[in-house]
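Down below are the structures I want you to see.
Two complexes, one shared chain (chain A), two partners (chain B, chain C).
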Partner chain A sequence: MTEIIQKVKNLSIGFKSKKGEEILILRNISTNIKKGETVGIVGESGSGKSTLALAMMGYVKHGLYTIGGECEFNSSNLLKMKNRDLEKIRGRKIAMIPQNAGQALTPNLKIGYQIDEALQLHSDLKEEEREQKISELLNKVRLPSPETIALRYPHELSGGQQQRVAVAMALAGTPDLLLLDEPTTGLDVTTQAHVLELLNFIAKDTGTSMVYVSHDLGAIAQVSDRIIVMYSGEIVLEGPSRDILKKPIHPYTYGLLKSIPKLSLAGLPQSMPGSQPQPGTMHRGCSFFDRCNFSEEKCKNNSPQLEYLEELKTSVRCFNYKSLMNDSQVNQTVNKIKMSFQDKEILNLSEVSISYAKQKLLDQVLNRISDDNPTVKDININIKKGETIALVGESGSGKSTILKSIAGLLRTKGGIIKFDQDRSLSSDLKERDPNDLRIIQLIFQNPDESLNPNHTVEEIIAQPLKLYFGLKGEELKKNIIDLLQKVRLGEFYMSRYPRQLSGGEKQRVAVARAFAAKPDIILCDEVTSALDVSVQAAVLNLLQQLKEDFGTTYIFVSHDLAVVRAISDRVAVLYQGRLCEVGPSKDVYQFPSHPYTEVLLGAVLEPDPDIKPKLVAEDIVEEKPPQKGCSFQGRCSRILGDICKNEVPPWQITNSGNSIRCHIPLKELQKDQIN
Partner chain B sequence: MKLDNIYQEEKKSNFAKVSEIIITMASRPSGFIGLSILIFHVILAFISPYIAPYDFKAINPTLMLQAPSAEYWFGTDDLGRDVFTRTILGGRTALTITFFGSLIALLWGGLLGIFCGLVGGKTDDIVMRIVDAFLSIPWILAMLLIVSLLGTSTEVLIPALGFFYGKGIVRVARAATHDVIAKDFIVSARARGHSNFSIIWNEIIPNVRDAILVEGAMRWSWMLLGFSSLSFLGFGVSPPTPDWGLMISNARGLMSFAYWSVIAPIVGLSSLIIGINLTADAFAKALGIDRSTKAPV
Partner chain C sequence: MLFLIIKRILLGLITLFIVSLITFVGTEILPGDACTTYLERQAFGEQLEACYRRLGLNVPAYERYVSWAVNAIQGDFGYSLSGEMPIKEVLGPRIKNSLVLASAAIFIGIPIALILGIVTALWRDKLPDVAISTVTIFAMTIPEFISATLLILIIAIWLEWLPGIVIVPTDVSFLELLPNIILPVIAIAMIMTAHMARMVRSSVIQVMASEYVQMAILKGVPYWKMVFKHVLPNALLPAINVVALTIAWLLGGVVVTEVVFNYPGLGRLVIESISNRDLPTVQALAIILASIYVSINLLADLMTLMLNPRLKTLQIRK
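On to the complex of A and B.
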């Protein structure tokens, strides 16, 4: 087991800035990958983790160059090799599984052909043998009926299936080392858990070494034997996975683990201040100095070296790791959120249905929507003033669709959206008056897209102020500064462009813009999923603080159940555009649950090697909601039979006020689920 | 040390932005050459009336088709007029007409393209099919028709050229708008209830401006060629106004024994077109529209 297959020695990679300065992306990295082990490389975006993984297969991105050091594989330095020689190693000895398999597969070639191509390149099999090998590989990655899958095109497969095909292609050359760059990041929670389980199985089955790059400690915890934590281009902590996740002795990892919301804890985790320094801005001292709670004077000017601790088999880059060693059990403390909602209802959705179906000519002429099986159906939710309600579900569950209709961006097929119990809101933007538009504001998932890159922060925040309140001159400026202070940004941010801000800062600007309209309801569409983990908690805390100050109501859409658990008062679980379960968040996270909620909860990945995901249902993807019966019938493991297929299940209400839409009596559900 | 040192880039004045772009353009050889040629032509167009050695319309039968000499640098044409004088004056009309023509093309093509991209749906369909229909008409035929009906005055040529060269810009502007329109900041502006005008002016134009300007610069050089072709056919400016297209057309038959009378306007015309093309290219690269020159990482 001790045979080393990849040796990275003092590797530095960087680029030359416009001014001619050498800017380092990777700084003096040394590590070894042993045969048969799975190493997780974890870090925020910009920490250099992908650059390191690519260097391990001898690839340096365009514009970057190797400044020093080597990546040794089979006792030859990959970074000095000619392309012709590298071709012999890539695919055969070292294979890569990309983040987005959908983009990595050629769209106009059949799956079987693409795998065959990989086999032709990377193995010496003859034609007849290859055919057999293809179905063998597809079997290995657990794709149903390999023969039919091989004849399909990539777009005919779901995201999870595409990722499996990518794994099969990587395995075609029976590589010694498998590099995985965020392989599950774009997948749904349930699919993610299944793919990780598959990777675990393959690692054990084939004895391949794996390097697993991810920002997600939850995913890393499930697969890796050893973890490398990267920060600002350096390794800050490296050691056995269990020790690192249970007793992190570097302040960054410690803080990171504290800031991840967990299913078992309601309330907001503590946030880590600041953000990772940009490449080229660090000159001396510890790169984590600004954000560290344990820093001393000497950390400011001296960079700590990576120190190997024999007894823990761990390397750490910190002067003060000893103070963390004694009490480093991560005792997560959370800020309990105050239930601040009133009895008054602010938004009622009744019988809302939305259709994406293309309308027939007659319907177009009559300007009506007819679709007997709409994408979203039967949505009845009453939202109280000041509460945070979360809409949860996988992609395609209709959660964002509902938000769009509330915002007036998408016409509903039927149903009523009422504000303040008496004002009916049209789902057509043009029919709403300016005040109706003002009371509902949106915050989007990706602040890179939601802020106009050619506007300064001042112009961005000024827009709603000018539009709704007609502010001008000094008063406008005063208001902008005021809003910036509320989202904890200084006045000097006014003249900056979005590209000059970090991800967290951009999202704060987006929050400030939403609050500028003095709205009653804010729709948050996956607001933290584009952010780094260490920044996520800070944004959640900010949102909570603002809500308490202004009494705003949030409708919070997310696929991340742990985040939802942290911030929401009430949760609505959606599947295929139909509600499955609605209730106070503490009850939704407890049994009895709707079988779909159970699946979702089981698939959540926690950054703890002892908590394994429970895979209850298959991760198949349904394209259309069923015509009749329960929306979840296709995947339900507790299906009763014809009743589920033909009759829409009734709402059952638990003692604590949790509504579950299922045919199975609550008592039986509870009994089964606790076992 | 402050974390955000890298962000210490202050908001720049427009003048600083423009000069930065010009410096970037001139820093690559092709851009430098293009800019130099263009600037040379523009300066020449301004000062040529004051430096021209002879009267451009002074006919002198005794000096017909003289070869270049110390007195007549580029020789004389079939009517005994000085070719040098006529060449340096010949770019003025072409530059002026096509410059304003391009502005008109940019304005209507750009705005219509953006509007269609934003509203989409049936309006977009109808407008774009009309544009397609116009694109399928050979422009030179249509131009000849317009010119023969309305005459060859500047007031006719500028809008007519502007119209015909704007059609292509509609498509580019529409495509550039489509790239932007799907972004959340447009959705956000819509959800806030901004008017279409405000969305176009504040949100879209700043993001598609660069692409449209580059396209406009490219169209300028095409229009110059088109205008010269019209003159060549006798439908541009009327004699005796010195114009390259006209000069080439007149001297074409004499090429075999009096090459000088045709070479000078050809060099003038082609160098200006190449200059504009290179400049437009460098402009695109300086703005980062050409992907291959984007900064690493």
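On to the complex of A and C.
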């Protein structure tokens, strides 16, 4: 039997509410972390997973306190330990890699100093030895030219580099246990895949145990040996990762896996009803009762205990797990979507270019354009009525920028945006008439910021109705109720304020507001990325349903390629503000042909331990598009030579109508698939 | 960086030019002028004409502005009406006195404010915080004319330890001035320190709750090292601008306190020259106070720029 290094026993953590009640964030958690293993803790926001990880370092956030139980490390309870003793364990025996390295690195201290600090505290090395060690560590996390990186400040590095620095800092103390709190959330797909690969390498190389906390089953699947699934502060399922991902025997995990869109499957995932109960609102019985498809009468009043199944080496908290044991449909069912677009063109972008560079005074006076290398250039897209077209690419690819220009929020530098074949839309909001404004509506990423916190749901939805249609009184109210029903919210939501709604409900209100204007086109800017997976599936299904009912056209921006696959008819792949490939999603996903599309698709993490990401190109961050030639030349693994550096590649069109912008001949592009 | 400094200095100069125009126009628009005020009932005929000629008021306004501005740049603000002496000589000792008062308040107030702010933030919601916070909020809310009067009553009148009001000639030596300024300094420092301590407290609390401080704790950095290395440099940066405004406010003359203590500083000069309708002095004061504000704010911005690595590189990149 392998050695246990961290033992969590009956741990409960909570806070006192204003009324003086004890509210639990973690409820009676027990688990062991063995030497050398990687354990994934997965759950949606509010499930208590981060609180658990922090408790494993003896850290309880301000406002929370330990109600019972212990976290035992080297046979002493970290939660009762004095700060002075904890300082000797933190960073030396147990180290943390934070979620957002950009925020977790002290802004006024150089990278080198921050790593050196850990070395000073946790090793006996002399100054010169430490300097060498810093270079070694930075090398190990594969940062280029460690000597110069060490002299930089955190804000001078890219997100992926910051995350690597955080890893280097954690490794400085050669810890026995590494805790990772969502270490790749917020990174680009390709960067995320690279960081995960690095973590896997480190786990093997150093034999360090890891606890990997994430909401992303795809990331968890790539790294962990064992998975713990948490739901409203409890462990609901714990076992070997392959079994959990392939045959989840808890209804929550089952539903969660079904609600994740998959690259290999076109069509929308199935959504789970409801949302996780807030801490303190839990009643008797199973906490998953309200959302469960397998519940029985007894689940309502009795809470199931965590039951260990010897033959599966799995613990499960469900009365009914047996009915799930023979179901292996997890990865198959999706709601197929209807292709419903017409042949009529509704929006046409031609030769659109956008520049963020500030015009110099002289250029302004002479009214000439100074920037010959704008952020976004040569965008030509035809959008058909009723179509869902997705813009994909890493951060900085210009996808949101294009969206803003279509909405009139950002002036274009050149090119024409035409609506309905003949009406040319100005890229300046002030020059558009009310009807031009009505036909294009936006749904934003974060409903917390896009809904006015001081307005009720009624006021929020009433605004476009009053503005564009001049509705009043009974008629206005009828329309609002109608819209709320369309987004599956009851009439009683009218008097609520955004803060009284859950994330998914807020986004529904934002959707209702967009549809209130009866627009022809809706621009969706990362509309599901702030939502939990189970809620994301519901919002995607809702958007699809509304589109079928109203014949709306969606322009969908997302960094999540699986989500794009699920909802879009056509995909446009962007790199550095230039189009690489445009085509029907079916073709783009099945036969990725542009080298950049291959890189993007290869890096997608699927919640399946058997599908490993393929890392084709380095995850370098380029600050500016190249002056001439192909936009992807800097990272392309199939670069041909001077032609790519000097000449803008031509569009090549495949038989299925897929346009690819590359110098490599079509035949070779399709032959050399890395699949 | 150099470009930025030059740009800021130019902007400051433009601000000063606008201030000078406004004060000049303002004094022009007001009914009556220096001569009518000075001559009072004799302000007619020969005498008025003579006065106008003597003060150069008989030429068009823009010409007067130009000649005034040219002289002002050279430090010559013309003549004060009340004493008929050069304004330069009136201002000199006043500026010195205000400087003495302000620097005493700064040297005592700022360190105390920093310490109180940091202590209350680190022991947040514990006894030291509750006690100090109560006192600082109290000190902040009492208007300075009340606290100044109370100080005079208790320390000067009942205890007879220090003089209650300053009855010295404007140009006494520093040592002779010293006992006189203790009470005014306390009165000013109290309110200023309280404000700054609250500012520092909230800034430190905000940084203490940041992810990088949590990370430092989880890295095993000992508490005090964390406070000095990770918390304070980041928490005190925003304080620089507040300190600068306070200093400018102090130098600009703490009018109320100076009047209560009869202190011969710039603040009292402002009141005096306004009530005497001594327009040339008012003009001169306006321009001097404006330059103090502009230059101290400029200094503060440059300091923030130097100390904040993030801003520094951003500027260089641009």
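Here is the rule we use: the second predicted complex is superposed on the first by the 661 of 675 C-alpha atoms of A that agree within 3 Å, B and C clash if a C-alpha of one lies under 4 Å from a C-alpha of the other, contacts with A are read in each partner's own complex, and residues count from 1 in each chain.
Keep in mind that, in the parts below, a residue touches a chain if its C-beta (ideal position, glycine included) is under 8 Å from a C-beta of that chain, and two chains touch if they have at least 3 such contacts.
Keep in mind that this is a model prediction, so the values were computed, not measured.
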| item | value |
| --- | --- |
| Which of chain B and chain C A:T190 touches, first, second, both or neither | neither |
| Which superposed partner A:L467 touches (first chain B, second chain C, both, neither) | first |
| Residues of chain A touched, compared between chain B and chain C (which is higher) | B |
| Contacts of A:N541 with chain B and chain C, given as first, second, both or neither | neither |
| Contacts of A:T412 with chain B and chain C, given as first, second, both or neither | neither |
| Touched partner set for A:N83, first chain B, second chain C, both or neither | second |
| Which of chain B and chain C A:T281 touches, first, second, both or neither | first |
| Chain B versus chain C as contact partner of A:G91, first or second or both or neither | second |
| First (chain B), second (chain C), both or neither touched by A:H62 | both |
| Chain B and chain C contact sites that coincide on chain A, given as residue numbers | 62 |
| Of chain A, residues touching chain C in the complex | 54, 57, 59, 62, 83-84, 86-92, 95-96, 98, 100, 103-109, 117-118, 121-122, 153, 155-156, 169, 173 |
| Chain B to chain A touching residues, read off their complex | 1, 3-7, 9-11, 183-185, 187-194, 202-203, 206-207, 295-297 |
| Touching residues on chain A, where the partner in the complex is chain B | 15, 18, 25, 61-64, 274-275, 277-281, 283, 285, 290, 407-409, 429, 432, 434, 437-438, 440-442, 444-446, 449-456, 463-464, 467-468, 495-497, 500-502, 513, 517 |
| Parts of chain C lying in touch with chain A, wherever the complex brings them together | 209-223, 229-230, 233-234, 237, 307-310, 313 |
